[in-house]
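The following blocks contain the structures, represented as structure tokens.
Both of the next two complexes hold chain A, though its partner changes from chain B to chain C.
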Partner chain A sequence: MPSMYLEMIRIRFLMMLAYRVNYYSGIIIYSINIGAYYFLWDAIYSGQGSMGGLTPSQMTTYVAISWMARAFYFNNIDREMALEIKDGKVAIEMIRPYNYLAVKMMQALGEGIFRLLFFSVPGMLIVALFFPLTFPSSPETWGWYSVSLALSFLINTEINLITGVLTFFLLNNEGLMRAKRVVVDLFSGLILPISFYPGWAQSILHFLPFQAISYLPGMIFAGAMGNEQIGGAILIQLIWVVVLLLPLYLMWIKAKNALVVQGG
Partner chain B sequence: MFYGELFFDYLKQYLKTKLAYRLDLLNELISDFISQIVNLVFILVVFQHTNFIKGWSQQEIIFIYGFFLIPFAVFSTFFNFWEFQEKYIIKGEMDRILTRPAHHLFQVVLETMDPESLAGVFTGLIIMGYAGYQLDLEIAWYDPFVFVLLVLSGVFLYGGVYIAIASLGFFIDAKTGISPMIYNIQSYGRYPVDIYNKVIRFVLTWILPFAFVGVYPSAYFLGREDLFVYVWITPVMGIVFFVIGVWLWNLGVKNYRGAGS
Partner chain C sequence: MYSIEVKDLTKEFKSYRSREGLSGAIRDLFTREFNIVRAVDGISFNVKKGEMVGYIGENGAGKSTTIKMLTGILKPTSGSIQVNGRDPHKQREAFVRTIGVVFGQRSQLWWDIAVQESFRLLKKVYKVSDEQYQTHMHEVIEILEIEDLLNRPVRKLSLGQRMRCELAAALIHNPPLLFLDEPTIGLDVLVKLKIREFLKELNARYGTTVLLTTHDLTDIEALCQRVVMLDEGKIIYDGELQELRENWGGGKSAAIEFTHRIQLEQLTALTGHLPIRWEQENPLKFRAILESNEMTVSELLACVAPHIEVKDFRIEEVSTEEIVQKIYQKGFTTYA
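Moving on to the complex of A and B:
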């Protein structure tokens, strides 16, 4: 049984590999974005020692790692699901002897591994040539960061699966998916670390799953978290991984009954 | 006159297709609006921690952002060349265009038109108006004319740059991926160029002159006299880049052999 899912990861990985040229320009685009925020933050700090718990050099590292991590966890699984639901392919998927959501998760993982190896890692090295990044010095931090990154992938993919399953009920959720993308970028801390928001906004954002996607791993990597805080951050991520399964599971059960095949 | 009629005919057809899917239209407008607001949120939050960024106040930066949205919205309405190569060159739609008795560039502009992007003009005006009100800017009787001139210059400048990039499609068969790169560099123009290093400042002023769509024209209304030189060459830049773009396009069409089947 697990070998079947492993195969899903492999196939998706190979599929991505066939189109790898598309990703070279992606690295440049992400570098351009990192550059834009680098100069902006540099001007914003201009002499101030620390803001929102980050020093200027930690901020540079935070921006770079957040974007390159996004290259890893980002995927269009929700869009793919919406398409499969709309044209009716999902009906075939449902009678196949596997769990549709698990398959989607595995495909996302295959894509993620590809992007990690061919986008995030080389991208991070290239960006390090241009901007003054400080990589974590202790192997422990690297270890914690890897765990945190893996969890952020799970959380983001769960959110994508939820948006995808919503297509069963909304039939057309193009707008929702676009809005979700922007909301995730803003509230996950990619554009702005959560610690910069005013107090009332922070207290709301701490109760949302988005901070677990980018902010928590980013802070770990930038070295802006003490050891006990790292434990807390990972715990928050773990809780969200589990909590998000619940609406996903319930919606999936409902969706199986509510299925309307629109295409022929 | 022929071109005017053509424009309205295309517009009518476009609106018909759009109104058939009203919910999609609404979705699109809302998600565009959300992404415009995200940048505003960024500026607002950052200024909770500092009063000035390289000598520019919060209101001034918001004003620049609001101004930028207006030419950008007009540009997005008429110059949707993102999929030009894919759709017109690789799939061969360009052959169809060339057999028709209207200028090819004009036809492509009409076919890819996206009028709902114009909603950005209102968002921009509101943001800019709000910042201008906070700054207590004085408005002379001729300022609205200067405003329209500067906005149009920005639109032509953007248009020229993207026409030039689309023209590359006539010479290169494979997908280049250049336009998303340029598109991302565009966001550099939303902030005062003072924050960048010399090289980037030079690029944003003379090579990919996106600063002429944000900071430089805004400097006029903000009374930044040190930048007035750039304000006055904004229209010149707009015309020069548009002419270069169209020239490259015409050259490309001459060179076009057809790749579709």
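Moving on to the complex of A and C:
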């Protein structure tokens, strides 16, 4: 069984490679984004030593790593699913002896690995040339960060799969997918670290899965967490990975029964 | 031993209606009106192992819906299905390993990558061993003549080339049962012939059971002894193709052209004792419709030829196409 999923990852990787030129422009766009946030935060700090638990250089690192990590965990699996359901291609997926959601997850992973190698890593190196980033010094932090990043990929992909499966019931959920995208970017701490939100908002956001996508790994990488906090952060991520499986599984069972193949 | 057993199979869809105007649209936000449409209405049939069955019907008769239930894609509203001894929807993942499916209107190959990459992936998906793949697929690739297409991306293939690759892709795991949903749609005659030849050979060699839906009845004539005809979700005919032709074909007819002008009365007088109805096309050309299957054409000729000089003589048989067309137009019972 695993060899089939490896093959899925490989094929998606090949497909991405065929269109790799698209990604060079992406790196520039992300770098500009990071630059804009750098200057914005520079102005906000204006010489202050620490805000929201982050020093200016930690903040720069947080912004850079968050965007580059986004390149890895972000995927359009929900859109692909919506499209397959809309034009009836999902029928083909249902005659195959595999789990549709697992396959989608693997395709997302193939895409993620591609982006990690061809986007995030070179992007991070380029950005480091222009802005004063501080990379973690201890190998342990790198290790924890890798674990955390892998978990953030899982959580984000599970959320995407849930959004995608909703198409089985709604048939058209373009609006929902857009809303999800904004919500994830905003509440995950990509645009604003969670520690900058007002207290009441923080307490709500701590109960949502989104902070586990970007805020927690970002804080680990920026060196703003002690060892104990890192352990807690990874535990929260693990809990979300498991908790999100439940609605996904239940919805999938319902979806299979509700399936309507559109377009003949 | 049956490959497919279907009993009282029914599938209903909700079909939503939109109310008129702005106020209607606002009301639609809260409660929506719908009709229940019965796409498939209590059908039962069995298919034996190794049989090739044609499943025909007009657009919207419920053919595709039936196929989708038989392949485990859709869940039946009621009734029972056993295909290869399994319930397709409940045991989907185990079940689909035992079937091959070709949807003429949808590709199951990956659009952007070479055909052989798709095959390789499917080989892994169906857990086909290297030896099995070598012996079986080698033959399939050879007969379908797709050797040269394997390293091309699917998007660069013509429809005929793609269909042959689709067929090969559906057979990677050498399934005992093959569903073909309009496999020859939009193909030219040569490709059609090749595909038919291939299916025949497949059936002869591996005893593959085939259920075929098509609008091209020549496909059915070439491949199937048995047809199941569907109309408005119900089976209206299930039996031998030959029998359908004999009972509803309206018998044979013969077109006769004479060397000089003839009156219709002259002919009826000559053949008055035979079960023949004459139709006149023009003063020289007539059509004799044989109203009994026992009657032979030579009897007809024996009566006519000694008295009137015959210039040309052609036996006409009603095509299956015409029979089916008539059944659709007039309804099965009235036509029968």
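Rule of thumb we're sticking to: the second predicted complex is superposed on the first by the 264 of 264 C-alpha atoms of A that agree within 3 Å, B and C clash if a C-alpha of one lies under 4 Å from a C-alpha of the other, contacts with A are read in each partner's own complex, and residues count from 1 in each chain.
The rule is simple: a contact is a pair of C-beta atoms (placed from the backbone, for glycine too) under 8 Å apart; a residue touches a chain by one contact, two chains touch by 3 or more.
Just so you know, these numbers come straight off a predicted model, no measurement behind them.
Of the two partner chains placed around the shared chain by superposition, chain C is the only one that A:98 touches, whereas chain B remains out of contact.
A simple residue count on chain A separates chain B from chain C, and the partner touching more is B.
Of the two partner chains, chain C is the only one touched by A:89; chain B is not. In the superposition on chain A, A:46 makes contact with chain B only, not with chain C. Judged by the touch definition given at the top, the superposed model places A:33 against chain B, while chain C stays out of reach. In the overlay built on the shared chain, the residue A:192 is in contact with chain B alone; chain C does not reach it.
In the superposition on chain A, contact is made by A:11 with chain C only, not with chain B. In the superposition on chain A, contact of A:175 is made with chain B only, not with chain C.
Within the complex, the chain A residues that touch chain B are 22, 24-25, 28-29, 32-33, 35-36, 39-40, 42-44, 46, 48, 51-52, 172, 174-176, 178-179, 182-183, 185-186, 191-192, 196-198. Considering their complex, residues 23-24, 26-28, 30-31, 34-35, 38, 41-42, 45-46, 48-50, 53-54, 177-178, 180-181, 184-185, 187-188, 191, 194-197, 200 of chain B touch chain A.
Residues 3-4, 7-8, 11, 14-15, 18, 88-89, 91-92, 94-99, 256-257, 259-261, 264 of chain A are the ones that touch chain C when the two sit in their complex. Chain C makes touch with chain A in their complex at residues 13, 64, 68, 71-75, 89, 92-94, 96-97, 99, 101, 103, 105-108, 110, 112-113, 117, 120-121, 124-127.
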